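Given below, in the form of structure tokens, are the structures.
Same chain, two partners: chain A is paired with chain B first, then with chain C.
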Partner chain A sequence: MSAPMATNETLPARAALDQEWRKVVNHGLLLALVLVFVSLANMPVSLDSRMIIEPMLSMGYLSLLWIPVVMGFIVSSEKVLEGIAYHAKGAREVLAGGLVGLIGGLGLSLLVVLIDNFDLRDPLVNWSPALLDLLQFGNGIGFGVIIWPVLGFGLGVFGGALHIFTAMTRTIVGWVLGAVLGIAVFETVIIDLLTERLPFEFITDWFYFIRGGLSQQGAVTAALIGGGLGYLRVLAQRGVVPTPVQDYKQLVGPERTRANTIIIITCGVATAILPLLLGRITNELLANVGLFVLLALGLNIVVGLAGILDLGYVAFFAVGGYATAILTSPNRGDSWPDWVPQSHWFAALIVVILLAILTGLFIGAPVIRMRGDYLAIVTLGFGEIIRLLFLSDWLGGYTGGAQGVTNIPGVDLGFVEIKGTDPRAIFYLVAVFCAIAIYVSWRLEKSRLGRAWMAIREDESVAEAMGINTVNVKLMAFVVGAVLASFSGAIFAAKVGSIFPTSFIILVSIVILVVVIVGGMGNIVGVIAGAAVLIGVLGGPKQPGLLAEFSEFKLLIYGALLIFMMLKRPEGLVPNVRRTRELHQEEFLQDAWLRSQVDADEQDGAPSGEVAPA
Partner chain B sequence: MSDVTDTSTPLLEFRGVNTHYGAVHILKDVDLAIYPGELVCLLGGNASGKSTTLKTLLGMVTPTTGEVVLDGEVVNNKPTSYLVERGVTMVPENRRLFKRLSVKENLELGAYLRTDKDGIEEDLERIYEMFPRVKERLNQKSGTLSGGEQQMVAMGRALMARPRVLLMDEPSMGLAPALVQTNFELIQQIHEAGVAIFMVEQNANMALSIADRGWVLQTGRVVLDDTAPNLLANPDLRASYLGEGDR
Partner chain C sequence: MTAAVRSKAAPRTGVDWFLTFMRVGLSFFFISGVIMFVLQQIDPQNPIAQVFNPDATGLTADQFEGLIISGLSQGAMYGLIALGYSMVYGVLGFINFAHGEVFMVGAMTGMITSNKLEEAGLWEDAFFVSLVFIILVAIVCSTATAVIMERVAYRPLRGSPRLIPLITSIGVSFLIQNISIVLLGPGAKAYPSLPDWLSQKRTVLFLEVEGTKLMVILVAAISMAGLWYLVERTKTGRAMRAVAEDKEIASLMGIDVNRTIVTTFAVGGAMAGVAGILWGILFRSVIHTTGFLPGIKAFSAAVVGGIGNLGGAMAGGLTLGSAESLAPLMVLEPWGINGVSQLRDAVAFLVLIFVLLVRPTGLFGERLSAEDRA
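For the complex of A and B:
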């Protein structure tokens, strides 16, 4: 690595070493760029108030510090072909990571100097003394300039060193970091769960600092817990400790069915009990997650099963919300004739379902004759049209225009009224509808209709040649999706008590689609996990999540996450076997081919160690 | 028209069919007749209207004038499902399986319009018997099968509809030469089981060697209509289509 960089154009061929230098420099510059971008996006300053470990580490610093580690790791990552590493990992990787971190750190040093000497607040609003102060750790310019290259180098070295750790160390390190971060991020939920109804305040007092964030002893304990769990995981991988997941995967037939039943019952009971232990904030969070689970399950049928890319899905949510609001609120638009009753929520729900079916047919009919991109664009348009109709003067007398519909009553069950002020009750209501949606999705996926949807997704013309009435079947997908979304809308209206056109912006459609994609298209468990992670942790389009401080960066993170998932894990968070197979088909085929070659060699009695690629 | 099976009435028939794509005139006064249980082939080069013929037979394209007749009933404006229900089934060009679905799901989709569960089970068993290799791969994704296996699944999928007439779009396309031979043997086997077969092919020699009759389509017009042996011997066909004019 000590060879000088070749700058002379007349040199014949670039040496391999030279290429590696270039790689290091490229990654370093990229890192510098990312760090400066994150800084100027104001992430460090606005997240600084959220502590991870009091008083050492805030979320703001963390938003910068994790990047050199990842970059230091990536620079030495290579595509491992057929399981054979190009060469053994060693000091080179560590040094490369360190250098990348160093260059990235120099980028931040440059930023510190620039902010100190020039005022660019006009174009760059976050070019602020607050940022400068934070980047200098409050210690003056000299410290700021020196600390970042040093920190970057250290973190990069750590990233690079991940390559030379054994798999066991890597697992344990991962679990330690995950545990500390997880326990810090889920602070609200954990405190809520342990202290709201249960007398475990001594645990939370141990872990958390009074003004938020882990205390130092808490961080150490969390790290120990993580380490322990990580070690257990390693033991499980070696087969020393049994893993329930693998045992479950090996079950077949009736045993599998029994295991599934047990899992479903456990989940049901947990869903019933958990909200009782939780306080307002967490129940509110769960209710929001539930609303989006409903929406995502509906969209999952349209996009995941039938393969219709609907970008205007919010339209059905809006129809459900507005219909419920108008039919139950005394404060709806004045143009309604008297015979339109102000009815009970459940009575309204029947009308809502009918309206959702009609809207599904109305939007679906013109749309499904198109395919691919055109379809996506037209649905996008319809999503906006519906919102603008609700906003318009033309329908203003009915929908209240920009003032929306207010005073929407809750759901009166006789003995209790479910409304937004009682998030626990709302959550139970959502959970019931989620259960219905999950059951419907699950049954449909296995049904003849589900098969027809998948056939259309695969090859529409052949599906037609099989005798599938593609128009009707696709309309069915639209209608089922619309009904599920309208359920969500109806609950949403009862929950928030007043709805406005701005509740149904296009962003909602996009967020639901991201939830479906991130969770795993065509996969019920994945969709629920996706909603929990995105809506629960990051927050919905208007609903705050666990990381409420992140709200202004929500879209940035959504976008980054979407790109990352599409590139690295297109099957989603919870992969289902079929989708994994189809998305990594080439790798599977190659593996299968290799195995067959090895088998053939063994049968011939030839040595089977070396396998030449084709 | 034909001297082989004139005794019965045609199963599927074109009577003076014309089709247009916009202003483009594709099929011009085409007359075809497929009788129960016979094996016929439609030959023609590129852009001669072969695929349009198939699509029209299956109700995916509506003729501008003329009639498509199934069992003596004019079915011009009937949807594809109507024809599939009455025994008209297609094996598409290049097999076109539902690649990300399992072999079993593909077969079941072939029987999409049938409601007789016992009959479907019976037919599945028959197909497993016919193609033991398909049975081995039931739960595998059909896209991961080899070309020959995919052809078997495609045939099986079509047979699951209990067809009376099987429309085959270029059955030999994209297959290795050795597989083409097996494939034609398979077609004959299905034919011997009593299914009428209407085959669209470019591989004229091979198709005519197993067919009873054939037509030659040129720019949307039927230019030759004869028995297979006569067509094989026809110098015009040999010259224009089989590329053996000099010999």
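For the complex of A and C:
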């Protein structure tokens, strides 16, 4: 065993050892629980058809195998505060990881034995022979019982060993795994991009197996590419190779503006060209992502900038969708008087905007003075009321009730008609509106109104004392968010051609909230990235994503992701600088205090690195 | 914070006028609906009653009685769930959005246990023993869910900005629902049928009550009495009240604040577990979304009764349950709205919005902890 942990020096040796053991056992039991849960959730079986590396690794096995690695890593990682030395890692950490993996594997062995001997299929629907067969790797029961502890130990050792690797090795290992997984997951998009219009079949033939999944030579190539990129990254960190991102961050003034312009133009051109190269399915995917980007940008203004948790956001989406449908479809409810015309999509859009503003004011005004938590539930109530009204017989003559509104025409631009059946055209339409939304969000964030929103988010009373009319400013956030959501609703109506109340359940609000939070509250790039990753890869509430096999589990993952982000990284993947500071105020203060202590000690001549934890 | 207080100091803005308009409009809507209903009951041919709804027939005494009883039995369940919201709010000052899911866990475990008991032939033969057994199992599971929830998701977030635990609790709610889907399957699951002697009608005083609903109300009343005893008469209850009043001072007085918070979650979870069983017995069907609407309605009940006020939570539950059961026929139908039973849930939300607009502290006053008063 290597040197004892810094924090344990004050403890008697026996107690320290007990503590370590308890940590290992706790993590091991947690791992066992997670593995059994994942198995009983049927993830291994239903994801087994999706191959990552043919014929060695399927996504089903991967759903089990990654967990021991992570747990083996976590068990010996520790929080290092500013000013405390990071203690050296050694064989002890590797062993701890291995033991954790061993306990987890024993949990799965137990499950194998239990499935073999008892039938609990009544409450647990996935307690099936298929699961047993998969857990035994198709061999006998004895193999299944023995293989999991061995596998768990091995993976746990790998997880623990990540601590003793040098930073360089760790980076490269990460990149290799990321590249293999990424190239496997984005299979549909890559094949579509390279073969639909471009003549690069030889690349995809090299990488992919015919029936899906990476071929073995493809996996090796992907690993090499990943390793190469990882090595470049290491060199960049050491300053050997120039890093564009670092250079960009150091730019100031007009140079930065110029760089921004170049980036924006590149992105715009890419957005314009990309759909031409892609096929139907991928364009459909992009159009769905675009719709959610639009929704998420709107919610980002409400939640991210103004700090109002609006859970009934889907109401505005519904208003936009229904208003467009009713104004453009010949097949709307029969109770409408004749003077409500059947109009063009753009004419309907004007009405949609007006209605969205009205709805925003109507829902916003009663809730604007409520406490944050009341506001959340009351807006949720409004969202539900609006859906129930659209569904009810009472308004059925206008909204079609459960049958909804069908036969919604596309958007006639004069020279071309954008129909829902042409995902490429729909994507261009969505992209235009996203561009508008991005511009509006960006300008608003820098405006007086945007600063007022952020002031309210930080402290409403102080903002009011500074002379901000909090009521009007918050209402503005509601209205702007409502209009953006109604755009999305209008495009959605034209895209799907028929809308029903079931498209506007509360789930949609929550999925948009997850997108905004995972991406990064208050950050436009973050929100777009969040929508692309979550909606594009996992899929929306009803829309399938790249991993169509995940559709049973995506909501489970969304829920877990929401909790995880709130606990570990509330600022999101692409954080907004100011929001991060607000959310981690205490840590910033603590760090500052510790730093001042270290400085003081250094002046006293004491060696740094031995400051007691706060 | 209410508009009524604020308007004395500041000039009335457009929003204030709009709110006043909404208050007056909603009150008018409710009151005149009820007046029309009463007139209709007196004489179905009354011209005022026929203004909006010419072919209304009114309700018979039996129908009315039935609506009130079912309203009260549902209200009793809402009240039990609302206690959990109210207690957690009193202690931590945040709304545990996932509390409805604790209730769903209770209903689900009840479904599993009672079906197993029925397979063993115990359900019909020894109904009361089985009932007590499934209630105990549900209490254990719901309490465990609530305690784990607190430990994993909420304790690390104590002291973070208000929005953060709220969003986390939405995530927890979402996660538990989906865990139920992946483990138990997405379809609705049935409770075994109840023995005949229980579900038949019987006369209590002058009312004819279905045995099941009577039992629901009785069990809810017993649980409520137990809770009242715990909170008002025991040392644990005193600790809970002290922590709700002021966490720091309470800890200075030697109260283990963390433990008290866990106890609060556990007690709230136990109440939700009981409510889950009652739900299962009353409706005999449970699905992963079972917790969502009753949860939101129970929250509304807690607000209607004054959040943080335990008696208020129960009273709010009964009020909301009856309102939800009666208002569609008493208020909406006289206005000529058809298909009113579809709008039951909308009524519950409307009551919540109305109460928050007119009397944000709830009908029976709010017991605020120190942090909120500041």
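Definition applied: the second predicted complex is superposed on the first by the 566 of 614 C-alpha atoms of A that agree within 3 Å, B and C clash if a C-alpha of one lies under 4 Å from a C-alpha of the other, contacts with A are read in each partner's own complex, and residues count from 1 in each chain.
In this section, a contact is a pair of C-beta atoms (placed from the backbone, for glycine too) under 8 Å apart; a residue touches a chain by one contact, two chains touch by 3 or more.
Source: prediction; values computed, not measured.
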| item | value |
| --- | --- |
| Partner chain(s) touched by A:Arg448 [first = chain B, second = chain C, both, neither] | first |
| First, second, both or neither for A:Leu567, with chain B first and chain C second | second |
| Contacts of A:Asp459 with chain B and chain C, given as first, second, both or neither | first |
| Contacts of A:Ile468 with chain B and chain C, given as first, second, both or neither | first |
| Contacts of A:Arg121 with chain B and chain C, given as first, second, both or neither | neither |
| Partner chain in contact with A:Arg22 - chain B first, chain C second, else both or neither | neither |
| Superposition-derived comparison: chain B or chain C, residues of chain A touched | C |
| Residues of chain A at both interfaces, chain B in one complex, chain C in the other | 582 |
| Chain A - residues contacting chain C, complex | 37, 40-43, 122-126, 307, 309, 311, 361, 365-366, 368-374, 376-378, 380-382, 384-385, 388-389, 391-394, 396, 471-472, 475, 506, 510, 513-514, 517, 552-553, 555-556, 558-563, 566-567, 570, 582-583, 586 |
| Interfacial residue positions of chain A with respect to chain B in the complex | 448, 451-452, 454-455, 458-459, 461-469, 578, 581-582, 585, 588-589, 592 |
| Of all residues in chain C, those that touch chain A in their complex | 1-3, 6, 13, 15, 18-19, 22, 94-95, 97, 112, 115-116, 153, 156-157, 159-168, 170-179, 181-185, 292, 296, 299-300, 303, 337-340, 342-343, 345-346, 349-350, 352-353, 356-357, 360 |
| Residues of chain B touching chain A in the complex | 58, 60, 79-81, 83-85, 90, 92, 96, 98-101, 105, 108-110, 112-113, 141, 143-144, 157, 161 |
